Structures are given as structure tokens and as C-alpha cells.
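Here it is, the structure, as C-alpha cells.
Should a chain be cited, it is by its letter among A, B, C and D, assigned in written order, with residues numbered from 1 in that chain.
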């Protein structure tokens, strides 16, 4: 099953944690369902019942493993639990061994860890640990944190965790569970989101606020960049630690553009509202005469509404999306033109015939989908197709937890916007400018000295050292199954 | 798996047929994928390869059985095939025995039949046939047609089919396959849709034009009410027969409101466009001061766009829909309020807080979902919630192929609109009027002498005799599996 | 899964029925487990609970469908049930549609039927019924009985069943179930076995007595050739009817040689004991100097014990059998000589090295296994290999419920015993004589005027008309799945 | 699936290895099939293809994972492979994490390890390793060897392996695989078997010679106690190392009695022949007047043949065994007496009625099966039942790789033979004496100073230190799945 779009950037993970709730694992399963857009390839939950840990890992969707046909949730006793959904990049082929939360039996007791983000010095650390006798179970970067903890001589889990995190670099929003204690941590730059909530007497952590809505939890606040929350069972209030040197935050700007769910709040702001503002800014930057504004559904819809409102043009569903899982059908690949795209999208022919369209999408990655959609619109009779993209050109790989193809495969990496327009056969193509994007998010523009967000995929300006990339480390290959 | 909404009316079936194509079964599988919204519980394809028939039936989605992980399509050799997706009503619990197309080895050779609709005298005919020694394989009404054909003394398949159809009453859009011949038939009232298309030298039949778009077939025309198309392999043109007494057509008006896909054309008109017109009409009939127009996604979107345009109010995504299959999670039913609804819908809290909303939905069946959505909007801070429905109140059962609950369970059956508004706790509630609906569809209003559509679910005015219902016929119960 | 030996004759079916027992379906499942050797490809049970019938069919072993991991038995409510295990011949590829018991909703109510045997005029009857409008659900010969019953104008199930059976020819041991009544019938020749038992107040029917042992039922008597037992719920004693013209019985002699389980009693005699007597007779007919008697396990063991005792030679396990399911492994077909045979049998090398062996097997069908086993014994160092077979040469097909290959494939069909010995590379080869076989079974020899058993596979002397074979009737082919 | 008899001792594992063969993984799968009796709960194969390792693990039988319906073997490229079948004791519930061969990415490259036996100081070593930062993946004792290797500072795999094995105690027959090198090791006492074979230019290692027969490999010799074979790809001859201090061997005597397959050779002797000799010795020790000798099949057969020959009584199949997988059927537990036993064994009633039987079995563990079989024989009409057991009373737990219940559950642990006879309701009961057993194996008797075999389960004389047992070490509990 792969309902991730091959021609989109994909977030790697969503995390969830809860402590002090009788139905901790069930709440976690429901919360993860609301975070499913952040990872569809695997799901795991670890619960802790008075010191005894229970681990369930599976491939595929949350509902498949923790829905009503499954007995999985019943086995996950305890009042604390953490969970994880994953898309997979680091770690290659998805196998059960790479499914998070990771669990280990450390000297002080059981410890479970779920990670959203990506470490940029993991291979180097792994190499060092292996040379000293550590055996790695998975191919995930996350496992180095657990090995560092295993080797720490500190007594308490919290001290071991701090000691370990001081050695890693990169992006991490973590939830972790030791006996009676839930941890929530964001790296000093705060690249990935993490929010704190409250439900009755229980505390909850999640990647996005939409996971609070589904379980009727109240949003309390964002976990801050560089902050570690230590929440003991029954605590009146989480303990807040600041174990790292303070740095200006660099939240991922693409969470606003595409990754986060539109009904979530990020940095106290509506994602949906920001997308409309981006659409409106785009209309200002690149207006064109047309009959209607058409989103590429579903992700292009909020920006298209914003564009339509700003431009005074009609917002219309010129493309209809099928939500049935569209596994590609074998035989007729060569017979039906662009079948892969058509399994999901169809031109609303009677609407667009003879019309001039402004097509709104959030990004162009390889360009294959854009090219096929433009062609599909023309085949359905569109007179003009003007493409407007609510992000700047994606030219660089992400090393912070987003699955990007090699730079060579990024259409914008080696092509001008004009060449791209010709390639996808659009009548015109425009990307929002970097400064326009910052303006839409309420900044006066990008501060080149100290950018307010991580925008490395557009600018190549990476906010951390990239140790592994610099050293060119590679791993041996192993296939595993079962 | 039941991603059909329990609180919606559901179409029972979609049909597809093709003759004269090397990849007949693969084309059928792809076409059925585009018709998946018409039935998700089972799928079947029958192909014919120079007189040898191949039958594949399965429960669940098309992609599950005929996608790339399956070998099913490979076994379906031949240049002609028909297929069926089904939601299930008649026939009770979905078992493989009830999956269509039905196949039988008749005296003249193999014969396969797929049916969209419902026969209103099937139980009576079945009773008669059983008393004369017919053994029924399934619980479907459709099987009586096959038994009538088996008992016919005519030589040719076409004559047997005509003889049989002259004895049945009700709604039927059929595709059927005998050696070298594809049949397409609509009942004299034309209650359910059926369209004819062309791809290269092959002819195709489908419930809706969206199935043509996905395979790059060209839409030729609607099969007419009361028309039987007989298409021989390699035919230049289909043979058109008119075996029934002519009657004024009564196409199902609910296909416009909800069943058909918005990108399909019905009676030569855009379904999407009709829904926008209905929304606009609704705005005219029941305007109210508000801050925004919010669709209940996905089905309410086109009418909401129409309403917003007509009223000058903003169209906004105040409800975000998750498309991940939301099996209900077991344990916490009692803990999370309205979890079932929340698995699919979430209020876009930052957008709607403090706002006056006009909520657009296509229908109210039992009212459970409407009540919960209104409550969810209020819990998210909406100041006023005005509900507008793009169909008249649903007060009567359908006997023509739509799954409706018993009349007692229909909220509108025993309640005034005012009582309904109170029940769902809306600030106001309005349904489009029957005449308003007809106006939106381009009629001057409903002709009470000779209604232009079947609108029995709103009016109780059934266009055919309901023999089985009158006789109160019931069947014995059998459970089967495997 | 096919743990049937390709180079054996295989019984088609085992049947079981019970009435008047609270756990009717569970008893049936257990009884069928004891009859598993009579058919491994499919299993079915039908129960009747105060007029409501429940049907469960599955492919594979009894334990797979009705074991403790399955919920199947729970759904089979009622105090009466019948069941069937099947190997499959008539009906081609095993699909769920051909799994018995067959169930039909007849005019008088539900009716279920399970059949061991084979009808010799089924195709002719089927052809006639189809021409009059009957629709067949399966490819089984058994279904003609159900259609004949459906067309009967008699009121009672028993009368319809008698009327139908009077029109069929061939071998049948049947158990059937109508509301409150269990039926047990053997054809006039009594080709296949059927026994009656008692457990508490309940009556049981089964193909063999070993099915009574497993449920602690008491063996009452054989159902007689041509007898129909009608057992009503709560009956003190079964009602015995004799609806057919009396004929001398012709019980299948191969049941003694191979099909029946050694711990069963047939015609009041121990199957195990008869096999020992056959082995002893074989020793008398064909003694040879040797060091030990080695059975081909498991079926050759009883005859080998008899042979060893009669000859005074040692009985030794010169071949060890693995009972783990030995699916053939793909790739190395060409690398390991005779891997298929070796998955199941291994030479006990240290025992047989340098020894002269008498190898006892029950039959030679195609000869492939015999050839490979002789070769395996030699490769393990045997000095001489003398093969003794406890049946006469199998030269003719069976039309009474045993799966035999076409006559051309039977090694004995076109070869002398001498040629066969050369073919399998044995030092000597001997089959028991037909008269020797009859003597072992306590007869003075075969009565050529009126043979005491059906021995058509050895003699070609078929005890019934073979109408279908004579008319060369064939069916159209259909593939089905799901 | 549990076709292991609950009332038997069960061997934990079988191992197989091959190097220098094009179809290494396929050969391993076939070899493991022949070793299936040594472990049915899980199976794994690791292959190495020019330094790239491929790992496949599964639960259940070999054929299920590596048979023709599976693609598993195809993925296991390379000319070297090792495999493992497992019954499971150490490591509790069988999960994929505990399935062997274990695989680890060590500093020198990939390393795979399969272990038959059990380490007696594993928990202590594990505790030490965890305190120094090692993370354990499984609950198996075997994993300590891998961690010790990971922490070794030696360069070569062979040196690391030797260094690690010098620190472990207990029983181990190992096969291991590093790049281009296959290892075979037996602990200094040689408790578990391991044999070396040759097929073409390839070398093979296996637990028993029957695994060589199935692939047409030639048996070369036993790996010696304390010997380590190092076999490089293409080697003319294995390199033999002796890294441990020499000690007198203590081969497990129960391998002769029950564990090994009868067609295997152990220490150069026929297992089948040894079992016959044990039976003959038993006849001499404990003769009794009777009508026949009846084995409890299948394991009691060779001893029964020996007993019958020595006593001059008839050998008869008084119990018939069903080899169909007999999952217990749910509901009627309480209805059918001893259903569990009957699923597998049935009394051959017509044979034994009124007879005096000598029942031969290989051991009595809990005594439940013995008791039920005696009762079953009496219910079938046996006049006398004399039980003879081809092993001494099993009174002590095994710590060397055999799954034994707690001593309290062993019938012989707290009962005299007389009391046991009364408990199982036998007319008489006799176990072979310890000295008689040694005599049957060709020794003058047991040497109490220096026993020739490990017979601790009979005598309590354990040949090694039992460090973990002495320290009472326990582990934390974790449930895992997926």
C-alpha cells in the first residue's frame, strides 16, 4: 500500500504520547489516526503498565492494526503510552525492525522512544558505537540515541537522555516513555512541531493539535525549541528543562505549506489560514486573466480559495479526486495514458471545456504529476492552463525528516522556471517568491542574516552542520523479512 | 470494511461492460475503480474468451482484488468482459454467493449478468419459480432474470433476455454478456443511468461517464430508457431494440443530488454544475446572515460553492475530512464523544471560532451525523450554525436500488422541519423545496401529473407497481459462509 | 495443499451425520477429522436449528476451518448436522461452489445433501434438466439429485428423495438433512460404506466406524445396500425403507486394501486384520529369499506385518516417513534427484545396507513412486529389492467415487508384470492374485458369475451401466474463483 | 499450531549450514525440512552473497515459509547459507525477534549464528553486558555470544568467536556464517549432535544425517566434541580447530531414545538399531505374559519391534495414529472424553478386544497421555495393559536444550514406579534400568565415576556448572508483537 504520492515531499513521522489515562493505548491509537497524514507505512504503540512494557508494531495504517477488528489495543495495558506513524526514509525498505517506537530494556528498566525528524550525525555515531561493541537492531538514525543511553553511566533515565541528546545533531521532536515518566523534547532549532495538551487529569503530547481535537483534549501550548518536558504520572504540571545551549528557532516552513493538517494550529496560528494567505500573496505576485481558479485536490484547496478570493475569480472543482485506494493495475500500463494519475484525479470535463484555468498546487517535486495533470486538463478541453505554486521552487534535499528525492531528480534543481513551464506544457508557471512566502506568514520578508524559518529546500541554507553528508558514510546492505 | 456512511443513502451498484478489446478485463477493472463510489462491498468481473467464460468475485474494493498485487486479472482472458461493484441491500449479508455479475451455464452457452437497480416483483417471481423446481443460488433479485432465461424456450440469448425482462418490474440498468455479444438495457422508466462509449474499435457501457474518462474512452450517448443495445464483437454500430411499451422516463433525481460523481455527465449535463445550481437555488430560498458557507465534505462541496457564489458569502473549509479508512476503535467508544464522526470529520477550530456558519449538506437521513456535526461546530466555538440541505426532506423508502432505512428511521418521516432543527440543535434548518429542486434542474417546477423524475423518496409517488411490498413476501433465512 | 499422493488412488469423500445432539456441529467436525483420510481438499458442515439452516464451507483440512482458532462451529447452531470431506474428481478444480454438503432452499424448506460415491448417469440427467431450465450451481454430479428433488411434485422430503434416487445410477452413500429429519442411504449395490451409531439419545451416521470411536459413539450396524434410513429428531429407532429393487451387493474391494482406516470395521470385520490376511496370502503366493520385510509406510504396514509373520522374516522399518507437510520446494527440482518422494520417505540406510528386501506396498498406479522408492533403496545400499503388492494390477478406471487416472496412465494397463518389474527396476515383482485376494477376505475365490465385490479396477467388470461414459458427454468449461 | 506433543520432551532446535553451492538457500530449506522433528515453531535462513546478507524468518513449518507457494527462497541469493528450526524454551513466547539464525552487522561485516543447545550462564553474561551498554534484541541465550563477539577487539571473525565461546558454558552445537566462511562448533562435552557432509564441491553441516540423505549429500563424519570447523568457500578440506580444554564427552542419551530421527546415524550408529536394542533389553528386564506388543506410535515403534522380536510375541498396530494436524476443537471439550488424545490416537478395537497387551512407549513425562492411552485401550476391550518404557524414569529438568517441565510436573519426580502404575491404571509398569540402557548402547553399564553420556534427566548428574540456576536470575517481562 502506498497512498503517498510519489511526486510529493512526504513528512516522515508523527508522534503521540499520553500519561495518566486509563485508556492510554486506545487514546494513542485514535490520536495517531488523526496524524496518519504524517506517515502511512508503519505504526507502533508502546504502553507501560506499572513497569511492564507492551510493544505492538505493524506495517500499514493505524486502523489496520488498532481498529475494531484487531485485538492489538487490548494487549497494551497501562496508563501511559507513546505511539508513532512513519513514512520512512532513513532505514530504507520498511520492515518491522525499523518501526517505532523503539523499545529497549536498559539497565534502569524499559525505555521507549518515538522520533519525528532526522539526525545529521547518526552514521558517524553509529560507526563509533559499533566499533565499541554495540549491536544495532534497526537501520534507523533514532537507534543511536538508545545506544548512547545504554552506555551512559548516569542513574536516572532523564540524565541519560540529556547526555545522549547533547551528542546528536539535527532535527528531533521526541516523545519517550520510561517507567512512570513521559518525555517530550524538541531540538534547539525546533524544526519539527510538538504540542502539549490536557485531557482530564492526563497530559498529552502530539505532533499536531488535530490529534487533540479527535480525543477532546485541550491544547495547552507548543513545546518550545530546545525544551524538554518531563511529565510524571499524576503530575500537576510538567517539569520544563532546558538542557541545550539556546539558539534562534528555525521551524520548518514547509509544515505551513503542505505537511501539517489544515485544521491544526502551529505556533499559535491556523495552518488553513496561512495557506489562504499564501494563496492570496500568490495572486498578488502572479495574476493572469482566467475563467476560474482550480485546486489540485486536496492539498491545493486552501491556497486556491485564498487565490480566488484575492483575484475575484471563481473557485471551482475542475479536478475531482477519488479517495479509494488506487493501487496501480498491472497489465494495461501501456494502454491507458497516465493511468497512475487518473486513479486519483479526473478532469471535470463539462466544467472546464473551453475555459482558461489557474491551477493551484503546493509544490513541484519531480514534475511528473504536474505534467500529467496539465495534459489531462488540456485533453478535457481547457483552453489555457496557468500553473501557480504556493511554494518557491524546491531545489535542495531535506536532511531534517522530510523525504526528498536526490537533488538531481528535483525538477527545479537544474531548470529555470521558464524551462519548467515548457516541460510541464503550462501556458504560464509561477512560484511564490521566498519573500512573498515570509510575508504571507507575517514577516516583513526573509531575514538573510538570521532566517526566521528553515527553508533549506528552497535556499540551500541548512541551519545545522551536516556531518554524515560531509563524511560520505554509507552502510552495508542487508535484506530482512518476517 | 464499511466506508459507506451509515447516515447516507447509498447507491447499490455500478456496472461496466466492454467488447472488442484485447485487455477487456483490465479495462473493466479500471472502469469499476472509477465507479467505486457506487458500491464498495463487493466486486466481480466475468470475461469471455472465445466461448469460455472466466469468473472472479471478491468482497471489498476493486483494487484489493484486481490491483497489481493480485493475479486475478491475468486469469480473465478474452476480448469481452462485464463487471459490477455493489453496496448490497437485497440479499442481506454480503457473501460471495450474492456478488455479481451472476453467471450461469444456460442451454445456449454461458451467460453473465450485472444489474444496477432493484426489481419490485422479484420475490413473487422467485416463489413461482421455486414451486416449479428452480434452485436459487443467491438471495439477489437479479437471479430471477437468469432463471426466467433458463426456462425460456427461445433459441437466441437476446430473445430469452427480452422474454424475461418483459416479466419483471422495477428499476434496472443491465449489462450482460453471452458468447460474442454484449448487452446493455435500461428499464422503460430509465430510473438508473447507463451510458455508451467508444475506445478504438471497442464499445463500452458504464453507469457513469467518469468510467470512460479513466480509460480514455469517448462518451457516445446515454442508453435510452426502455432501450436494449445488442453489441456484437467487431460491430460497426450497436443494434438498438425497443422491446417494451414506451413510457415517460423517470430518472432518479437523487443521482443529481448525491449518487453520481460530480465529474460525470448525466442526461448530457454536468452533475457538478447541477449541484452548484441547486446550491444557488437554496441560497435564494433560504438566505440568512452569516460569516461563511461551510460544506460538509466531500459531498456538500459543489452545492456550497453554488450557495456561496449566489449569496456573496465566503466559501470556507470549516470541516476537514480525513480520508484514511476510519474503522471505529474498540475500547474507547464511551470515552470520546462522537468518535465515529470524528474519525472522518474535524472542525477547523481556528477558522470558525466565534463565527456564524451556514452548513451545507446534501441530505438528512437518520439525522445522527447532522446532530453530531452541529455539536462539533459549536464545541469548536461557532456562534451560530444554520443548516441548509440540498435535497427536500427524505421521507420515504426507495425500492429502485437505493439503500434506505425503514421509514420509521428516517428523521423526516415523522417530524416537521422545525422539530428536526430542534433535534439537531441547529439555529435554523432549511431543505430545498421540491419545486426549487426541479427549477435548479431546468424545469419550470415539478409536473404533478407527470413528474419528470423519480422523486419517490421525497414525495412517496412511486412510478411503478410495488408487487412484492404489497404481498408482504418474506424469505427463509440461511447463513452461509466461505 | 495436496498431501494426497499423486501416485495413489484416492477416495473421493467421507460423510457424517448426527441428529438429536446439543453439540451437533462440533460432533460433526470431530467425526470428519477422523474421516480426513477420505478427503483433504474441502470440508463442509450444514446444521439445522429448528428449521433455520447454517452452512459453512471451506477448502483444506477440517481442523483449519473448524478447529479452535476458528469461529465456524459457533455459527452452526442446532441439534442436527451433516458434514462432508472431499478429495475431488467430478467437478474439476476445487472451488467453494463444489464443496459439499450441497444446500438448497426447496419448496418444502431447506435441504442439505452429502454424497460419497459417483453417479454414472449424471451428465445425461444434467443435460436434460438444463434443457428444461434448471440452473446448476456446481460441477458436481451430486447436484442432479437436488434438482430432481426440486422438480418433484411430492409433498414430503422423503418422497422427493426416493423419487429422485430412482432416476440416478452409480454409487452413492448419502447423508441428508431436512427439517427435523436425518437421512442415510446406500445405493442398491452398496459400493461405498455407511455405518449407523448411537451416542446417548442421538443417532449418528458415518462412512467408517473410526468416526464413532473418536466421539465415544457406539457402533450399531452397517446401513445395508439399498436401504434408506429416516431418522426423526428424538426417534427411538430409525425407520428403515427399501425403495429400490433388490440386487446382490458389490462392496468396493479396494476399501479393504487401502481406502478405509485400519482401525475401522467394515461389514463387521477389522480392516487391519483383513490387510494382514492379504499380506499373509501374498507371502504364500510369492515367497522369496530375503533378509527382511519392509513396508512402504504408512499404508503398506499391516500387509507387511502379515507377510512377515507368514514368512517368518523380520518386519523392519526400512523406510522412514516424514509427516510434515511436504510442499515441494521450488528452485532445486533439477538438483535433487526425486525430491518429491524424499520430502516424504527416506531410506533407513544403516538398516538396509547390503540387505535383501521384500518391499510391501498396497498398489501400483502410475508406477512413478514405486520406481523412485526402489531406486532410493538401491542408492542406500540394498542388495536386492523384491516388490510385493497387496492388490492385483490396477488396469481400469473407477466410476464409483475413486479418483483414478485415465487408463492409459495406469502402468498395468498396457504392461505385463514382467515389463513392470523391469520398469521399476525391481529384482522381482508380484501382485496378489484376484482369487488370492478373495480368499484373504474369506471367500472361496471370486465368483465369476456373481462377483462378491466390486473389483472393476482389476477386472473391468463394472456392476452398473455407464451411461455418461457411453454417450461421451462433456461439459463446457468455466473458471471461477472467490 | 502446536503439533508438538505436550506430554513429550521436545528438542529445541535443528541447524543446517552449507557453503560453496549455487542453490545454498534452497538446499538449506530442504535440509531443514528433514530436521523439522527437531523444531516446528519457527524457521529461519540467512544467506550470504558476496558479502551481502539476506535474512528470512518465519513462524511455523519450513514448508510454509520456503515451500513452492512462497517467494522467500528466491530472495536468499548466495552460495553460502545457514538455517535453523526451533521449538522454543529459553525466550518464552515465540516471536519473530527470537527466531534464529540471529544476524548482526559487526565491525568486520555481517555475522549469522544458529544454535542447538542451551547456555547455562547466559543470564549472568547478559546482565553484565547490559550494565555495560549492550542492547539485547531477543530473549534468547544465544544472543550473548553475538554481543561478546561485538565487544571483542580481535580482528578476525574466527578469533572473536573463539574468544566469546570461551566465556560461555553449557551445550551448543553451532553453525555460523561470516563472509566466505562457514563455522561448525560443538561444545567440549558434545551434548548435542552435529555432522559434516559433502555434496559435489560444497560442504554441509547438519544436526543429523537425515538432512544429508534428502539432498543426496554424503555423510563425512561427526563434528567432534570441542571441535571448531572453519570452512572457507572453495576449501578442499575444512580447517579443524580445538580452542577449548579437552574433556570427556557427554552426548545426550535421549537423542538415542527419542529425539533423533530413526534413519539418522549418531556416533556412527543407527538410531533405529539402537532403539530396537533398547526394546530387546527391556523385554529381557521385564517380560510378562501377553498376547501382543503394541507401540504407542510413532516413536514407540522401533523399541516395540525389538521387544517383540526378543520376546517372541506378535508386533501389532493396536493404536492407529492420525497424522492430520489435530488442533483441538473448541466447544466439546467437556463432552468427548480425552478428545485431545483421540485427535491423534485411536484404539484398533477389533484387534485388541479381549487381549493382553504390552504397550511400548519411549518415556513418561507428565503421565497424562499414558493415563489416557491406557484408559482408551481398556475402553476398547483390552483385558490387560502392561506398560513398558524404553527410558528410565524422567525425574530431572534438562538445562542443555531440551524443553522439560518443572520437576514438580514430572510424574516420576515424586512417585515410585508402583505409584505411577496405579496412577496410569496399568496392570504393570516397567522402565528400562539406567544400566540396561547403557548396555543396549554397547557399554558394559553406566560408569558412575565418568558417565559415558549425559543422563542428567534420569540421574540428576549434570555435567556442567549451572551458574544461572544457582544465581536465580530472572528477566523483566516485555510483550512484543508484529
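Here is the rule we use: a residue touches a chain if its C-beta (ideal position, glycine included) is under 8 Å from a C-beta of that chain, and two chains touch if they have at least 3 such contacts.
All values derive from a computational prediction rather than experimental measurement.
Under the contact definition, chain B and chain C share no contacting chain.
Here the spacing of chain A and chain B, counted between their Cα centres, is 37 Å.
As a whole-number value, the distance joining the C-alpha centres of chain A and chain C reads 62 Å.
In this assembly, the C-alpha centroid of chain A lies 50 Å from the C-alpha centroid of chain D.
With touch defined as above, chain C holds no residue shared between interfaces to two or more other chains.
Contact between chains, per the stated criterion, is found for A-B, A-D, B-C, C-D. By the touch criterion stated above, chain A contacts chain B in their complex at residues 23, 26-27, 29-30, 33-34, 36-37, 40, 61-63, 66-69, 73-74, 210, 213-216, 261-263, 265, 269-270, 272-273, 298, 301-302, 305, 309, 314-317, 320, 322-332, 335-337, 339, 342-343, 346-351, 380. Of all the residues in chain C, the ones that touch chain B in their complex are 44, 51-58, 65, 72, 75, 96, 99, 103-107, 109-110, 130-137, 146-147, 150-152, 475-482.
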